[in-house]
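Letters A, B, C and D name the chains as they come in the text, with residue numbers starting at 1 for each one.
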Amino acid sequence: MTNETATAESLLDRTLRNLRSAWTEFSDSTRYYLSGAPRPDLPGDDLAKIRQQMLDCLEAKGGEVSARARAAELGRSYLALNATGRHRFLALLAEQFGPDREEVSAAVAVLQDAESEEDRRRAERRLREALVPHWRRLLTRFTALPEGVKFLVDLRAELLPMARKSPELADLDADLRELLAAWFDVGLLELRRITWEAPAALLEKLIAYEAVHKIRSWEDLKNRLDSDRRCFAYFHPNMPQEPLIFVEVALVDGMSDGVQALLDESAPSTDPKAANTAIFYSISNAQRGLAGISFGNFLIKRVVDVLEHEFPNLKTFATLSPIPGFGSWYAEAIKVGEGPKLTASERRGVLQALGLEDDGTSDTDLVERALAVEQWWTDPALADAVKAPMMRLAARYLMTAKRGNGTARDPVAHFHLSNGARMERLNWLGDPSPNGLRQSRGMMINYLYKLSEIDDNHEAYSDGGRVTASSAMRALARS
Amino acid sequence: MTNETATAESLLDRTLRNLRSAWTEFSDSTRYYLSGAPRPDLPGDDLAKIRQQMLDCLEAKGGEVSARARAAELGRSYLALNATGRHRFLALLAEQFGPDREEVSAAVAVLQDAESEEDRRRAERRLREALVPHWRRLLTRFTALPEGVKFLVDLRAELLPMARKSPELADLDADLRELLAAWFDVGLLELRRITWEAPAALLEKLIAYEAVHKIRSWEDLKNRLDSDRRCFAYFHPNMPQEPLIFVEVALVDGMSDGVQALLDESAPSTDPKAANTAIFYSISNAQRGLAGISFGNFLIKRVVDVLEHEFPNLKTFATLSPIPGFGSWYAEAIKVGEGPKLTASERRGVLQALGLEDDGTSDTDLVERALAVEQWWTDPALADAVKAPMMRLAARYLMTAKRGNGTARDPVAHFHLSNGARMERLNWLGDPSPNGLRQSRGMMINYLYKLSEIDDNHEAYSDGGRVTASSAMRALARS
Amino acid sequence: MTNETATAESLLDRTLRNLRSAWTEFSDSTRYYLSGAPRPDLPGDDLAKIRQQMLDCLEAKGGEVSARARAAELGRSYLALNATGRHRFLALLAEQFGPDREEVSAAVAVLQDAESEEDRRRAERRLREALVPHWRRLLTRFTALPEGVKFLVDLRAELLPMARKSPELADLDADLRELLAAWFDVGLLELRRITWEAPAALLEKLIAYEAVHKIRSWEDLKNRLDSDRRCFAYFHPNMPQEPLIFVEVALVDGMSDGVQALLDESAPSTDPKAANTAIFYSISNAQRGLAGISFGNFLIKRVVDVLEHEFPNLKTFATLSPIPGFGSWYAEAIKVGEGPKLTASERRGVLQALGLEDDGTSDTDLVERALAVEQWWTDPALADAVKAPMMRLAARYLMTAKRGNGTARDPVAHFHLSNGARMERLNWLGDPSPNGLRQSRGMMINYLYKLSEIDDNHEAYSDGGRVTASSAMRALARS
Amino acid sequence: MTNETATAESLLDRTLRNLRSAWTEFSDSTRYYLSGAPRPDLPGDDLAKIRQQMLDCLEAKGGEVSARARAAELGRSYLALNATGRHRFLALLAEQFGPDREEVSAAVAVLQDAESEEDRRRAERRLREALVPHWRRLLTRFTALPEGVKFLVDLRAELLPMARKSPELADLDADLRELLAAWFDVGLLELRRITWEAPAALLEKLIAYEAVHKIRSWEDLKNRLDSDRRCFAYFHPNMPQEPLIFVEVALVDGMSDGVQALLDESAPSTDPKAANTAIFYSISNAQRGLAGISFGNFLIKRVVDVLEHEFPNLKTFATLSPIPGFGSWYAEAIKVGEGPKLTASERRGVLQALGLEDDGTSDTDLVERALAVEQWWTDPALADAVKAPMMRLAARYLMTAKRGNGTARDPVAHFHLSNGARMERLNWLGDPSPNGLRQSRGMMINYLYKLSEIDDNHEAYSDGGRVTASSAMRALARS
């Protein structure tokens, strides 16, 4: 796979490269004079030229067609830059194209002097407009270009890591996020099913963007689109071939307890009409530039609706999810002496499985030794011996580990709890892949979406961070 | 026609009625409890209930699916109201769901105290958010409903005439306009050609929305979509069957001087490949709710691009336009003694055509008597006699009559001048239909779109209101 | 309507005219030399030239592309002819391009001498090939041209009436029918629903082709495509915009007894989900050139399937059909003294309704006098008085009048009986339109399609011409 | 690739399996009683049952819907059989469902007695009908089933190899070929371009069906669909996702002399607008069941048309083709002492490259020793030494080796010569892949399609088997 198919990075590069050439034609056709491309790292002189280009763009001389040509030119300048140059470009925007401060002060003054209701409203309006940064007007111009929306999404994908390091870019990022959030309002999106009949150019993107269980080959992908599977994605009408987020669902009998069975290409497909359970086993965001704009909540519920309609036999809607934060939390727990504890009989079991005498090693160290055995999970005795203590720890992690703001520490748990799901069942060795072992110590969890509970669960979690879980999970966490 | 095809009003009604029933299903499927519909004119009690619904909508309890159900319910309440009720509904929004004033004051205070650049930025951001009216968040919720965008467009179509009379609604209208302007950014729209192969449900809308030269029947429409015609419209991806604006073009030999020939269904169609001129003879906005959001400028230029590509023989792109403001201006001109003046020979001509002796009647009165003759335009002598003075007046009107802000008084002239067109030729009796006679005294004008001049013309007009015109037009206006 | 919309004739003309010009381009692009067009009525010299063209076409010199160009030329020659010329063209084909008789005789001789099974088979094969007329190879060439299949369909539409008068053309017609029957095998067709969303260019054809209840306007058509209606048509993949046959269905409550209610544009549409009955109220063949190739049988059953799926509440599938042969049969019946008979009380009723004394006029004459009263059907007393005798006669006609071959005399009855339907109910004044009164004396009949009976009914009718009818119908016919 | 993607065989299997299950539903829905499936190898009893099923199918009792259900059942019986059973099934058809011989004899007698022209015609018609085998009617019934046409195509794919061995099946095969040839007339097909935007389900078929240069992976396929490539296929409207034949074209500068460069995935794509040459480097038939029905001729010419339109700069249209028959011809040639001959200097060259003294070994043996060196083609001296004699031989083979009927012995040469192409250039080591070395001794040839010559070339070849070639090729063959 690695050298066969495009990665998310190479797809992004290709898109931007294509844009650059598309916009050449565009600029030519509008007969707007193009100055030479800037040097890649945008040294001082070129920065000044870019600044002038930005000012020209804002001025809007000569009608909208010319304005569009100038936006195309500015965009092409950006695309000609390397990472250093792009950072300078964006910093220039952030620092010099914010709100007009004189106008803000003036408007504030007017607002404070306003007496009548009408005056006040007019002043509020003026102030609101004054506070709109100039960069916003500038960025909006790109929408008039072909693929302009996609360009802004990709630009933000590049801006995001910079903004994390450079506070002066954070505002620009926040504002661009807001702009994109308005355009990518879930009401403006389209839910589409993706099948093996979809364009290869689209399927290739699933392969590149899948973030949970890597798609190893086209055959793997085909298996995930089989008759007893469903894959759905949200699309934006201006980016009809770009999935925004997608979910993979298996239609099975009974709640799945391990992902390997679902990913096994050689397993025969079953009759989806007979299935009683829909398992959401992978949800991936596809556009890094849309980070912080949430679609997943709606996606799951819309997909539940669609599936209920198509398969009236479905009784259970649940995920089969990783516990991606458990690995690091577990490592910390050990350090502070909060590692696994064993009952006496469990301790005996571990010792026996390891073929050791009891030399007084601590419980935690014993478990660690078990987990250090190569391919330990393929040895039933060993796997069985560490199961109970590890599952207790995982249950405790999931149900009690919190961030500063009171939300669940595990990001996947946070996502599903916010959506109103409940923690239903922990699955020992649900994912013994290298990645599954590292992140989740091989475990997986089912989050259950029960329509009649979703609102209450959501409310309980949003209000006080209360985690809803099955009695089995609760018992595990307590013990 | 009248009783055969839907009018714009009946289409709007039907859309809203359909929405109401569509949203019922939607609400049901989300199991959200619906209270009874309000009484149509929204008396006090019901107003209070609606207020509560609005507050519930804003609160966003219980996750987004519930939020959507509440928006559906609020929308259905609105749709159940009559004109009085809707006015009250909108006034409630405007008055009680504006910005949070305490928060605005607090944010202003923080901004004024800010010392560091970072503090300042944070304060500006807080203030900007505080200034966003609550109604905006509320209206945005509707986008998550099926046809929600169309609902907001139609809601604004109803709000507009109210806002003209009730200043307290003006802010709400302005803000909704801004919201819609962002969604309907021309870069997010799609230009599509409309042919006789288009769905009847779409063509029916052209018949209803055509604003310049009424489409009399389906046969009339078919003629306008013939092989030597083109019709283009902008569409929004969320309203794929709703044209936003459309233009009708005839491909002809030489610049057309009258619209009757173009509308004659019995005229044979000619070979469009041989045509040297594209005549834009009708441009109609189709969505009243998008008033004040301009697409026409881009539309014409995009269509010119498309036509140039398809028909390399085209040399001239021009409109054949009415002069809709001339009629009323002319009436005023007469009142203040600025009516038509005749040369001596013209005066003789008019008298002779009327079969009168010269009894000293004023020039204006003489012309008025000529124009009072029934079917005067079918009498060549009479029509010829008044041609010169009327055309001089029209040219003067077009080139010199201004509004307070310095722009052209004639709305169609203003539109094309803003786009960078120039006034090319005045056509005597270009439209002797009842409407053409009333509005434009039977005249029409060609605006010429010359790509090489558009930017300069636009600039000249935007900057100083300077009108670009052919030398013939200038000569007429001067004489 | 008449001067508003295309008729079937004008559509056919237009299609053929378009073809002629399309094929010009085609011929040009293949650089095949085109001689001048023949004179319209194809006098002797030109006939000889055409004969040579036909021979060239068959010879297939120079590869298939040249062959296609020659077919295009021959086709264009045909299209340049008037009615006389086309008759000559087709007669030439029929007379001089039949099977190769020498080869037939030779093959027969070989067959008769064949001894082994293998020889016999080879000889049969040779003979079969020898019997294929040359015209068939020639006509098949047209399929390689754009719209070639449609051309052959239209050519047969022109050939059919000629073949009825000229026996020498009958063979050509029968063979072309066979060729078309193979291409238009119902398995190769596509059933599509037609809605108000269909292209106007397609809907226009429904208006032109509707043969049962004339579509008066686009509004009438829209009514027939409303939410409580369905319209389905068969299409051939090579003629994607040409319906072959279409059926109009109303979803109603209870079996309809009159067509006026269905055609009333002002009637509100009802909820189709609640309907228990699907009424097939119009079935029209759209391509005259496909006469004798039956689709209707399959169409009805496929549509029943589709409707059952969409509307599980439907219990009854029935037609509301005219009795088009009744009018002429009735006239004959009167002539031979088999007109309506009255019971004593019926006779009194008619006299009273006419305001007459009994002067001994015969029953038949009395009824005739009643039916001669202008707008008699709007006078309840009159309409009621003649109802019983007329319905008895109609029932007798439907159930007993036969053609020589033992099939039902009424063509619509024959069609539905062959399909396995049964005669369910006669409806007095089901269609009091001028056409309905003339053809069916204002009556209509419901044919019932009951899935469990269809096979038996079909068998009974096919085998012995036995007509299946409801007991009410049988009682009527007997009385 | 091998274990990743479907092969042609597995696709065929899957299709048939799907059909079987699709037809179950179909039969159920028609409520036709289904007897149990036959045993896989169709022993005597079951054969008798199948015979009865066939008779039932022909009888057409109970209307067409029942007929369709019976066809579905018969089809499902066939699909339940293994290879032995299917052979028996087809032999049964061939032997017992041929023409009705009594009727044939009777019709022959009538024909021989016919006196009038009309009688003769009627008798010919009757005889023609009598000669149609019953199996034809039976096979035609399948078209009314979903995917019925594809079923018949696949059935013939299975019949073909049987018919080659069993003469009693040859007639059935020939007749089915004729039936399919009528349905798959090139005029009824659709030419479509295939891009990376095509459904993966379709692209997968290209991978399976590619017959000339195996597609190794999806990345390889993507390279062949790049911007400087074109891929076109013919489709039948009843099998919209099944390519019938497809061609791969590279747009390059100058006539390609080796296929490796074209298949190199890492080579950058070039600007197709600048290309002057279109190289057809692979043509594959995709449906084995359509063997003997020719599309390739038309395909190439249609694609030339399309490419000329899109790329006006193209001057040369040529293939880069294998010489698949050369390998075996060469082996025969050596056996009969007609192997490669060397000039004195060539002989010295070979000896030197092999590092040998001249020990009198024959020319042929010397060349054979050179070709036996491992990876000889990577040794420039060696490759160069044998180039001239091998190319002379290949040229002689191509231009003079004939089959019994006078056509070119090389099948690819025959195909292109029939199409009117000429042999343009022989390319030494144009394909040094294992397959290329085995079949074509590493050589490739360009066939040139020159529009102005095609007809003459075709004629020359069809009439007398005359091969058109460039002077260089002629010189090579002569020397």
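We take it that a contact is a pair of C-beta atoms (placed from the backbone, for glycine too) under 8 Å apart; a residue touches a chain by one contact, two chains touch by 3 or more.
What you see is a predicted model, and the numbers here were worked out from it, not measured in a lab.
Trainee: If you walk touching chains, what's the least steps from chain A to chain C?
Mentor: Tracing touching chains, the least step count from chain A to chain C comes to 2.
Trainee: Between A-B and A-D, name the chain pair that shares the greater number of C-beta pairs in contact.
Mentor: More C-beta contacts join the chains of A-B.
Trainee: Compute the distance, rounded to whole Å, between the mean C-alpha positions of chain A and chain D.
Mentor: Averaging C-alpha atoms per chain gives centres 49 Å apart.
Trainee: How many angstrom lie between the CA centroids of chain A and chain B, rounded to a whole number?
Mentor: Spacing between the chain centres: roughly 42 Å.
Trainee: Using the touch definition from the top, which residues of chain B touch two or more other chains?
Mentor: Within chain B, no residue contacts more than one other chain.
Trainee: According to the definition of touch, which chains form touching pairs?
Mentor: A-B, A-D, B-C, C-D
Trainee: Which residues of chain A touch chain D in the complex?
Mentor: That would be residues 3-5, 196-201, 203, 217-219, 222, 241 of chain A.
Trainee: With touch defined as at the start, can you tell me which chain B residues reach chain A in the complex?
Mentor: Touch list, chain B to chain A: 29, 31, 61-66, 98-99, 104, 108, 111-112, 118, 121, 124-125, 127-128, 131-132, 140, 142-145, 148-149, 167, 171, 174, 182-183, 185-188, 237-238, 297-298, 301, 305, 419-420, 451, 454-456, 458-459.
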